[in-house]
Amino acid sequence: MATVATLLLLMPLLGFLSVLLLGRYMSEKQVGVVGTGVVAASFVLAVITFFMLIHHSSREVTVNLFSWISVGTLHVPAAMLVDPLSITMCLFVTGISALIHLYSTGYMHGEKDFRKFFLYLNLFVFSMLLLVLANNLVLTFVGWEGVGLCSYWLVSYYFDRDSAASAGKKAFIYNRVGDVGMLIAMFLLFSRLHTLTYLTIFERSGTLTPMIATLVVLALLLAATGKSAQIPLFNWLPDAMEGPTPVSALIHAATMVTAGVYLLVRMSPVLALSHSGRMTIAVIGGVTAFVAATIATSQKDIKKVLAFSTISQIGYMVLAVGVGAYGAAIFLMIAHAFFKALLFLGSGSVIHSLNGEQDMRKMGGLQKYLPLTFPTFLIGWLAISGIPPFAGFWSKGDVLTNVFEHNKALWALGVLTAILTAYYMSRLFILTFRGTERFRAETEGHDPHESPWVMTTPLVVLAALTVVGGILDLPWVHHDSLAGFLAPTFGYVAAGGHADTVAQYGLALVDVAAALFGLLAAYSIWRNISESKRWESPFLEHVWHWDDFYDATIGRPLTEAARFGDDVIEPEVIDGAITGLAVSVRRSAEGLRKVQSGFVRHYALATVLGLAVVIVFLVARVG
Amino acid sequence: MNVPAAWYLVLAAGLFGIGAFGLLTRRSALIMFMCIELMLNAVNLTFVTFSRTLNDISGQAIVFFVMVVAAAEVTVGLGIVVAVFRRRSSTSVDELSEMKG
Amino acid sequence: MHSSWWLTFLLVVPLVGAIGAALTRKREGRAYAVAIAASVLELALSLVVAFLYNDHVAKAQTFDFATRHVLSAPFGLAYDVAIDGISLLMVVLTALTVLLALLGARDRRQEPAFVAWLLLLTCFTMGSFLSHDLLEFFIFFELTLIPCYFIISQWGGKERSKAALKFFIYTFTGSAFLLIGILYLAFAHQHQLPGSALTFSYSALSATAMSHGTAVWLFIAFAIAFAVKAPIWPLHTWSPLTYAEAPTAGSIEMSALLAKLGTYGLLRFAVGLFPLALVSMRPVILTLAVIGILYGSMLACTTPDLKRFVAYSSLAQMGFITLGVMSGSTIATVGAVLLMFNHGVITIGFFLIIGFIEKRRGSILIKDFKGLQGPAPIMAALFTVVMLASIGLPGLSGFVSEYLILIGTFATHSWWAVVATFGVVAAALYLLWAYQRVFHGKAEGANAEMADATTHEQWVLVPVILLIVVLGVFPKPVLDRITPSVQQLIHHVAPAGVNK
Amino acid sequence: MIGAAYSIPSVLVFVTSAMLILVGAIGVISVKNPVHAALCLIMTLFGVAVAFVAQSADFLAAVQIIVYAGAIVVLFLFVIMFLGVDRREHIHFEPLVGQRAFAAVGVAITVGGLIALMARSHWVSGASSVTTKLSSGGGNVKELGTAVFTTYLFAFEATAALLIIAVVGAVLLARRESATQGEESA
Amino acid sequence: MKLVIPSIHYLAILPVLIFFGAALALVLASALARGKVPLGVATLTVIAAAAASIVANYFQWRCVAKAGASVTIAHAVVLDDFSVVASGVIALSVIMTALVAHDWAIRERVSGVEFHILALASASGALLMTQANDLIVIFLGLEILSIGLYVLVAFDRHRSTSSEAALKYFLLGGFASAIFIYGAALVYGATGSTNLSTISYFLGTNVLLHPGLLYAGGALLLVGFAFKIAAVPFHLWSPDVYQGAPTPVTGLMASIVKVGAFAALIRVLISALGTQLDTWRPILWILIVLTTLVGASLAVVQRNVKRMLAYSSINHAGFILLGVWAGTIRGTAATLFYVITYAPIVVATFAIVTLIGGVGDEHHSIERYQGLARRQPWLGAALAVLLLSQLGAPLTTGFYAKFAVLASVVDAGGGALALIALISAAIAAFFYLRWAMALYSDDGPEADRIVVPRATAVVIGFGVAVTLVFGIWPGPLVTLAQHATVLFTP
């Protein structure tokens, strides 16, 4: 298994290196084949690993590669932990990645930096696999940063657009703020437990004081908010939509942004030690889900809607983590990966067909021009809205059920969010595919065209997965499904009691009702676009002025401080003290020059005065 | 009994001071020389006085050398004054401040 | 114990190279060839030494290749060389730096004096790292000023004379404290052993007994000199001007190499000799280091030109190194030593690329550039790798060292480490912003026509990139060489402080 | 008081010499005409000679008169006349601001301090007669000669050098101008 | 009563005799030849005399090695290794100056004979000071040295500054001499003798309950010395005199006056007044602080290199005083080492300044040096090395000189003082470097190539060689200085 797992990890790296070193001798097509092929191979290997793990005696297999850092008491091996959680992640990461790679070969066709794109994508997959497979926090951090870097590169892929460049930088820096949390969590754990390997941490975590445990959990939460775009670090994600659409689908919807959730789930034994920490997680998740959903209702850019939707959905996952429903979180993560990738790719297809137009007000009536995109998108829409029997319904239901058991208020917020979700997704759907055609100016009169097969195939596959994804974890077969498979990973958590079946059905009904309410509301409002302006709040459109707030409280003061440092402190205070010293030497020298007047009598006088001082000293000394 | 040595020493110190003061306040190089001579005489007086109190001849011997030095200094000094005077037609040292700073 | 001849060769080769280069004729670039040959030989020698050193660690003696010859007994002047894992890394860095600086300065191949000064500087720097004697160290330490001074003042930018003077006098003043400190220590040692000869031997002096107050004063004296050299906030103000005005090779030598003399000295001498002072001085220096990190990062954001930018970013990096050096933790100290090397390599990369850009455009002002990634993607890519290493991206060299520093320091001095961790964010902020301003956007005018890196330039940067990647992925051989030496040092100073 | 402790003649001699010295000295520094200053200097020199005599240094007194008054001052006068600088110096006007005040203070402190220091040591603290005893009375020429040729033999030899160099120097300074003229005329 | 002429150890005073004899010979020759003694002959005479003196020094050294240090001529003269080394340095400086002056005299078309006579005579005064064991002998040596220099300073008939400088120097020098000899008188009164050995013995065997008189005398002596070595605030004459004097004379002054004055100062303070260390140390402390700082900072604002070097030499005087302050064997050795190394450097530096000064000896602005090293690399490099040596850069003797004095001061517990001095060195670095930078700047005036006459070239080469060779390998000089102080008498 070690070899297979290693290969699984290394395949994308192999792709990356071969494109990096040989890319200039390869045609675009070859690059596409290699790039996609390695990820597909990785997927196959992941499947193999999965089956091997199922038949393995232990559910936790550590694969040691080499000793990476070893100083004093700090030993960080480059080693993998193959367990249900990591292999689950691997499966869906490689699977979706493979599809999106395939899609990209079509979407990015003819781009100048086509090779570079695949370079980044492969590196991304490698980093993501490293993130999930690492057996210790440091190695996870490597992948964690790696995906962040690839995200930076891919967001600022169109670097000659200033907005893209800024967005990439913003993404990276918000992530970095989160990284501080991860680093501090590591520091705390290492200083108390003297290890950073997951399994050892879990073994020793009992010795952590509640205070430290809470700090660790909060630090991890900070890390998660950065990577998973939660409050307060969420607003890099919408900007990240500057990247090419496959990137948005893969990185900013399906995989990377869920890394934060993964981290929290991975550290669940530590989370178990701090109730207040978990509560904070749940609140952050719930509030983020709600806030992002409200914002999504007023966005004009199709990808931005999807971006806020992603934030909102991840909010659900974090909420699930907060209430200890790790299985539900992972379930939603996978389901979300399916339908959100589908929606993004669908939107990509739409945008592709409209020569890059992303403003929904300039779409409409695309239903008949995009025969394959439309139905797949429809599935995605219904899934995210929580309409049974699509994956979204089951996964969201799972989360809400768990939340209901722990905290009614958060559950209510979750349901409210569900209504909003259905509402804004329907708005998006209606504005895009239904209604009047408003795109002629963009297409210069031509009819929009459906995308090539490489792009539509992934759509179909994802749509299929979205349809059947729910069976991964149906509520009545918990033990043989995803949750059961993952359970050993969370073995350290005391599981909460399950609600009875009636209550579950009741909750499911509430979910469906919420979804339908949202759908109907959207339909009634957005049937006629011209009358619906008042339903778009500028406050929401500007993301609650969140960016402005940061700008005013952090950005601008810091810039001012830096300017002040550059203009005043550096030259006048610090260097000023030094140059001041030099100047004062010069000044006093100029003063002394006056003594050196050229008059011999002055010189003699100085001699006498000097003598007088010496004599006075001696008189004083004698007494 | 002779007056105490202290009197002469104070006298010599006074003479030395007068010489020094003259050196500081007079502008004529010649008079400044004279002031130096005054100071040297004060020294001589001191030597002789100590010679008496210490009952030691060497103090007087030294006066000899001081006188020789004074003579030598005057010889060269006056030569320099003459040289300066030829160039500037003045013995005032206040006019010699070309170099300063 | 290996023969000390290896170390002597390390000293002699650049010296002979310098003389040879100085004596060759101008036109044909022969001096350059001589210099390249000498520095290649030097690098090879240093690698041999590094290789030989390996066996030695197993025997758990930390100083290798040692020899001591007293040159002048009344002065206590001695030729005393030895290396341990810490200096070993610096030796390799020294040899590497001069080779890359020379390769990067190929356009100066017509100037024998320039390459001669560079080699001379290498000789002196090498001497400082090899010295196992305080006076010898001081002499080499001071000597490095002279080649630097001439390199800056003759081949620098517009304000070169001001920069050169400021640099020289700043450092010279700093080392005044060092010299007095060294003398005081040596005499204190001599007075403790009546009848003994005056000696400046490191091993002898490290056994000097002293009161807490004395230790603090001496530590301060030493620290001032090294803080100026490093530079550590707030004694850094010479560095932006100097780095900006110096020719590229000079900036490389000064920031990649000479700055390390400061931190190396701080570790080896200030920390190593005055354990008693550490209890009270640690918080002070750690605070300065943290301020330096944040301050350097802040100013790097707004500074107008690229070399100053690197200067401020170096200030921040030096803060990290200082943090590690002063932390009293083995892990952090190992990280600091590693970061000395890594920062050296990274800075070489930065200055080389900036030099290439300057050569093309005659400017290093950030506002003069935009969108260079378009016309010069390879250059941009190279810059990116270096930048990412500087940001501390895992998998690249900068991360390992920074991480070790932070995690080690956290164990002993948590709050400083926490604040310093925000420096990690700041690094990303200023580096990415600078990158964006220079390489992103739409290139217009002269920017659009800028030539990409030539093959030669790419090859010059290959070692830098390789080192960045290799040390990021597989730092073990290096760490294994550093760790025992650091452990020994920390063990020596341990009674006075925390040891984790 | 004074008369009670010390013999009247010695006090008178002291007063005389002191008067001569001080009046002469003040004259030197205060008269406007250099010639008068030179004459005042002679007065001081006489005063010193008197003081010498009063302290059993008869031979030195003679030398003082001959060498100083006879040679040095004459040299001064000669130069004054030669240069024709017997004009008045405007001594009431002091071009250097504060010079006099500072000079007065500095000199006063110095001299006062010196006297204070001397008084602390009871005016003398050395050992008596390290070399040769000062024979009482005026007949100490022999001892003086002996001292000069024994204790201070080397100093005596050195004075020869000093005088020679002074002569060479003076000749050079004086001759130089003519040499220049010679060169210029040549 | 029989006159017992004291025994004379002629070897002890042989260098003085040689110098003075040579001077006399030149006087006679010039008188007999009616001023037509060729310059070359005069120069050769000086060199031969100085070389002979050095040979005599060698024999003296051996004599001391065999018989130990001794006093002679009624204890007035000392023969010890300290004086031997010091007089060797003086002789060497004289040779170097004579060579420079030779070329200078040719250029300025002056008769060099008088110059050489006076140089020899002055140097004999300095020699006297190094060997003197009696305040009166010191005084006479000082006067011989000074009177010769007064005339030398006034030597340049073309420049009014020359005679101005001479008059200033003379007036202040006379004043200082008077102060010095008054001090000698008071010390005589306090101890009963002017002989240093006797004073030392007296102070060693008697406890002065009221040392006021001794203090007063010591203070006056100290001020007299401080004037000669140009310690602040008694330094004011020196920039003017350095500037006004003909450049070779400046070089001579900077070297032999320092050697002579410091040798005598050490004998007085350490040998005679060593028991009063606690009293004169604070005074020296202040003097050193002022001297180093004022010297360095005033040099910074100068544009005339001769003035700059004057202030620089003031700064150096402060450093040399450090060794005296230490008051130990180590300090004395360091002082000696400092002057040994400083003399050739400063003479060689002034040799270059003489060259650049050009006909009339008037071009001493620093602008004149712009680009010198680009036009004449060897000359420029030589000056750069000399400047770096004065700066105290390692691998030059200047570094070890500073190191030695600082070490002695730190050893004697004067860390703060050493630090202040070193900081002044950092200030001083500013102008040395500015000058060195001017050499290498490429925007210099289009100046003619300066012809370096052979004799001057030898001097410059020698100075540079000494500073570099012993900078790398200071061992022999250190041992020399150390050895010289071990056999320091009394």
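Per-chain residue numbering starts at 1, and chain names A, B, C, D and E are given in the order in which the chains are listed.
As a convention for this text, contacts are C-beta pairs under 8 Å (C-beta built on N, C-alpha and C of every residue); 3 or more make two chains touch, one makes a residue touch a chain.
All figures in this text were calculated on a predicted structure; none of them were measured in a lab.
**Q** Could you run down the chains that neighbour subunit C and subunit D together?
**A** Under the touch definition, subunit C and subunit D have A, E as mutual neighbours.
**Q** Chains in contact with subunit B and with subunit D: which ones?
**A** For subunit B paired with subunit D, the chains in contact with each are A, E, in label order.
**Q** Average the CA atoms of each chain to get its centre, and name the chain whose centre is farthest from that of subunit B.
**A** Centroid comparison gives A as the farthest chain from subunit B.
**Q** Please tell me whether A-D or A-E has the greater number of C-beta pairs in contact.
**A** Taking the two pairs in turn, the one with more contacts turns out to be A-E.
**Q** With centres defined as the mean C-alpha position, give me the subunit C-subunit E separation in Å.
**A** That gives a centre separation of 43 Å.
**Q** Could you state the distance in Å from the CA-based centre of subunit A to that of subunit C?
**A** Their C-alpha centroids are separated by 37 Å.
**Q** Just how far, in Å, is the C-alpha centre of subunit C from the one of subunit B?
**A** Comparing mean C-alpha positions, subunit C is 64 Å from subunit B.
**Q** What's the distance between the Cα centroids of subunit B and subunit E, rounded to whole Å?
**A** 26
**Q** Give me the residues of subunit C that touch two or more other chains.
**A** Within subunit C, the residues that touch at least two other chains are 169.
**Q** Residues of subunit A touching 2+ other chains?
**A** 593, 596-602, 604-605, 608-609, 611, 615, 618-619, 622, in rising order.
**Q** Would you mind listing the residues of subunit E that make contact with two or more other chains?
**A** Residues 136, 140, 143, 147, 150-151, 154, 167-168, 171, 175, 179, 186, 188-189, 192-193, 210-212, 215-216, 220, 239-240, 301, 427 of subunit E touch two or more partner chains.
**Q** Quick one: which chain pairs are touching?
**A** Chain-chain contacts present: A-B, A-C, A-D, A-E, B-D, B-E, C-E, D-E.
**Q** In their complex, what parts of subunit D are in touch with subunit B?
**A** 5-7, 10-11, 13-14, 17-18, 21-22, 25-26, 28-29, 34, 37-38, 41, 44-45, 48, 51-52, 54-57, 59-60, 63-64, 67-68, 71-72, 75-76, 79-80, 82-83, 85, 89, 91, 94-96, 99-100, 103-104, 106-108, 110-111, 114-115, 118-119, 123-124, 126-134, 140, 143-144, 146-148, 151-152, 155-156, 159, 162-163, 165-167, 169-170, 172-174, 176-177
**Q** Quick one: in the complex, what on subunit B touches subunit D?
**A** 1-11, 13-22, 24-28, 30-31, 33-35, 37-38, 41, 44-45, 48-58, 60-65, 67-76, 78-83, 85-86, 90-92, 94
**Q** Can you check the complex and tell me which residues of subunit E touch subunit C?
**A** Touching subunit C: residues 330, 333, 388, 393-395, 399-400, 403-404, 406-407, 410-411, 415, 418-419, 422-423, 425-427, 429-430, 433-434, 437, 440-441, 473-475, 478-479, 482 of subunit E.
**Q** Where on subunit D does subunit E make contact in their complex?
**A** 113-114, 116-131, 142, 145-146, 149-155, 158-159, 161-162, 164-166, 168-169, 172-173, 176-177, 179-180, 183
**Q** Which residues of subunit A touch subunit E once you look at their complex with the stated criterion?
**A** Residue list for subunit A touching subunit E: 585-586, 588-590, 592-593, 595-596, 598, 600, 602-604, 606-607, 609-611, 614-615, 617-619, 621-622.
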